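A, B and C are the chain letters, set down in written order, and residue numbers restart from 1 in every chain.
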Amino acid sequence: MNSLTKPRTWEKLFWPFVTAALLLALWHYSVLWTGTKVFPSPLSVKRGLVELIHKNVLWRDIGDSLRRVALGFGMAVIIGIPLGLTLGWYPAANQVVNPVLQILRPISPIAWIPVAIVFFGIGDLPAIFLVFLSAFFPIVVACVSGVSSVPSIFRRAGRNFGLSPLQLLARVVFPAALPQILIGLRIALGIAWLVVVAGEMIAVDSGLGYLVIDSRNSGKRYDLVVAAMLVIGVMGLALDIIFRRLEKIPSIRWGFRDAS
Amino acid sequence: MSLTEVVIASRPVEGKLRAEHLGMVFERDGTSMSVLEDITLDVADGEFICLVGPSGCGKSTLLNALAGFVAPTSGTVTVDGEVVAGPDPRRILVFQERGVFPWLTVEGNIGFGLSEMSRTERKKRIAHYVQMVRLQGFENSYPSDLSGGMKQRLQVARALAVNPDILYLDEPFGALDSITRVIMRGELLRIWQTERRTIFFVTHDIDEAVQLADRVVVLSSRPARVQDVLSIDIPHPRNISSPRYLQLRDDLLKQIGLAYTP
Amino acid sequence: MRLPVQLRPVLFIVVLLVFWQIAVSSHPGQLLPGPWGVVLGIADLIRHGLLLKYVVASLFRVTWGFALAAILAIPLGLTLGWYRRGEMAFYPLLQIFRPISPLAWIPIAILWFGVGDLAAIFLIFVGCFFPLLLTAMSAVHNIPTVYINAGRNFGLSTADFVSRVLYPAVGPQLIVGMRITLGIAWLVVVAAEMIAVNSGLGFLIIDARNAGNRYDLVVAGMVIIGTIGLLLDFGMRSLERVKSFRWGYSED
């Protein structure tokens, strides 16, 4: 089995490059052979991308989407982490509140749009609310799970040194739970990015999601559609990479050492 | 100094740690299980006490009760005459493994209990204990970079830094390989002889007990009672080939042999 | 309050419902319904035969989209996870495609499949494909080397190895990944129906609002969506408890 021979380092770049090149070629030639008038070829996508940058549309839309994610995600962090820590710390409270969270969680954030529009009107706010909703639940769950999986040995040691419950939470439980909380934050950010794009397709008229829908609606510009999709993918990846960097900080990295 | 003078000079003051008729009963699924029964102990200041007994007999439970992590169902624990009502920085427990905080450096761990101090004081104290447990050069390392033995030394340093009256150790070398264990025993003795504290050391290793302790408390199997208390009257450093050592070791083995109820 | 433990969350929910009802009743003329309004809305849907019809439509799309994604993504993911070079080849591409919301595929879905069931199924397929692929890849990585070595030691043929070592070893993690992805599928179907089709629970929500501001039906729809999503999740969890998978959790 060739999985046994260790891949050399140059292969790390070689294989993806070859695959990407092959797929691009496949894409390009399928467009040519099927003679489709609408579906874009790689070249037209590239041209579309340049066009978006020149018209200044791209940066503005990226900025809008990022802003909404920042605000919604930020609020989910500010409300969700203290709540999650409290619920994790007091299992009795968690037992009461958790069922409500479990019932609300499977409701697609998109399904909240009409309700959000009633409360917030059309514009930025419903989109931000949607991002908040979608990030809130994973964050709370990660906090609860992180706190409850802190080994009791740490809590005992903390109490042994005379820490009050609040100090215990801040100086022992929170740092111990931080790796898991960070994973939850990273996942929540990924979800937030998905949702903001979806929300922009319905409830607002700016941002990358809107760019996708609008490019189609006003002129069947599928080259712009695909260009926008690629930008969405790359931006989402960038956000994910940033968070993974955070996981490498020494006072957090310990939580990822053991390959579980 | 003659041998007798050494012996007299090291005779400690009575009554530092006292357990009186300590009992521990656990309830689980409606059935109650008596783990500790009528334990009475008297530990003097500066003494090195070892607690031995068969696996699962309740050594750790007793230790937790003495340290104040669980309340006994009957009897009392007093330290300097004061009843133990909970964990306290004057009595620090060193765990068998995973006791150090992985998100703090060596310095961070040792300084953990020192937040009330001034910065300069704290730095001095930390440096002192880094020296004492021989972790120089690793001040800014994280526990994940340390070996098992080094992590245990770190725990001891962290415990000593807050100047406790009593140090409880729960099989602290149990997770280490045998060579490291021997080294660590020597280290612990050296530290104990430098900064004299009361040490209460739980182990299932007979040799360890005879090598380290002033007195060895033998627990019976569950429900645990104090089966016997052996005095180890050999001065340090102890020769593990001397006849007296071997005799005490034999005595202890016999005790433990009796401790396993057939 | 000495309330039996199981009742406390129920009491909490009841309290919330009461607050909700009070909030609604004290603002007459506003659009959103209270809990009772929602109940009436659900009854309304049942009376018109719409409830069952929409639920079935949504479930139908989820089932097809999820099943297609699973059949394609899991074997592919297991293969990619096993062959290092395969994974290296596709990894950057996957990482770029993964953050693209399934909904962003809508224009392409409509282009290829028109407006209707197929488009919705395609969207769910896209939404499930990448998570399942990545789960399968990750599951293969997490197989303890000792199992692999044992399998090779006993001289198993490839087919035997796959069926007797690989699949059982990845089973627990796959099931958990499938449960999570099913949840994603359920979210996607609702969103897809709000945009691209003319039936289903998502469509109900959008349509109820557009055709007359029937917010009681909107919220009723949300409640039904939440309930079914919860049931799907429970169903998958009970699958996880099936004995032959339980070993995967013994490390807890």
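Simple rule for what comes next: contacts are C-beta pairs under 8 Å (C-beta built on N, C-alpha and C of every residue); 3 or more make two chains touch, one makes a residue touch a chain.
These figures come from a predicted structure and were not determined experimentally.
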item	value
Which of A-C and A-B has more C-beta pairs touching across its chains	A-C
Centroid comparison with chain B (C-alpha atoms), farthest chain	C
Chain nearest the overall Cα centroid	A
Centroid spacing, where centroids are CA-atom means, of chain B and chain C in whole angstrom	53
Interchain centroid distance [CA atoms averaged], chain A/chain C, Å	17
Inter-chain centre distance, chain A versus chain B - centres from mean C-alpha coordinates, in Å	49
Chain B residues counted as touching two or more neighbouring chains	none
Interfacial residue positions of chain A with respect to chain B in the complex	151, 153-154, 156-157, 159-162, 171-172, 175-176, 178, 250-255, 257
Parts of chain A lying in touch with chain C, wherever the complex brings them together	1-3, 7, 11-12, 15-16, 18-20, 23, 38-39, 92, 95-100, 102-115, 118, 190, 193-195, 197-198, 201-202, 209, 212-213, 215-216, 222, 225-226, 228-230, 232-237, 239-240, 259
Partner chain A, residues of chain B touching it in the complex	67, 69, 86-89, 91-93, 95, 98-99, 101-104, 112-113, 142-144, 162
Interfacial residue positions of chain C with respect to chain A in the complex	5, 8-9, 11-13, 16, 31-32, 82-85, 88-93, 95-108, 110-111, 142, 183, 186-188, 190-191, 194-195, 202, 205-206, 209, 215, 218-219, 221-222, 225-230, 232-233
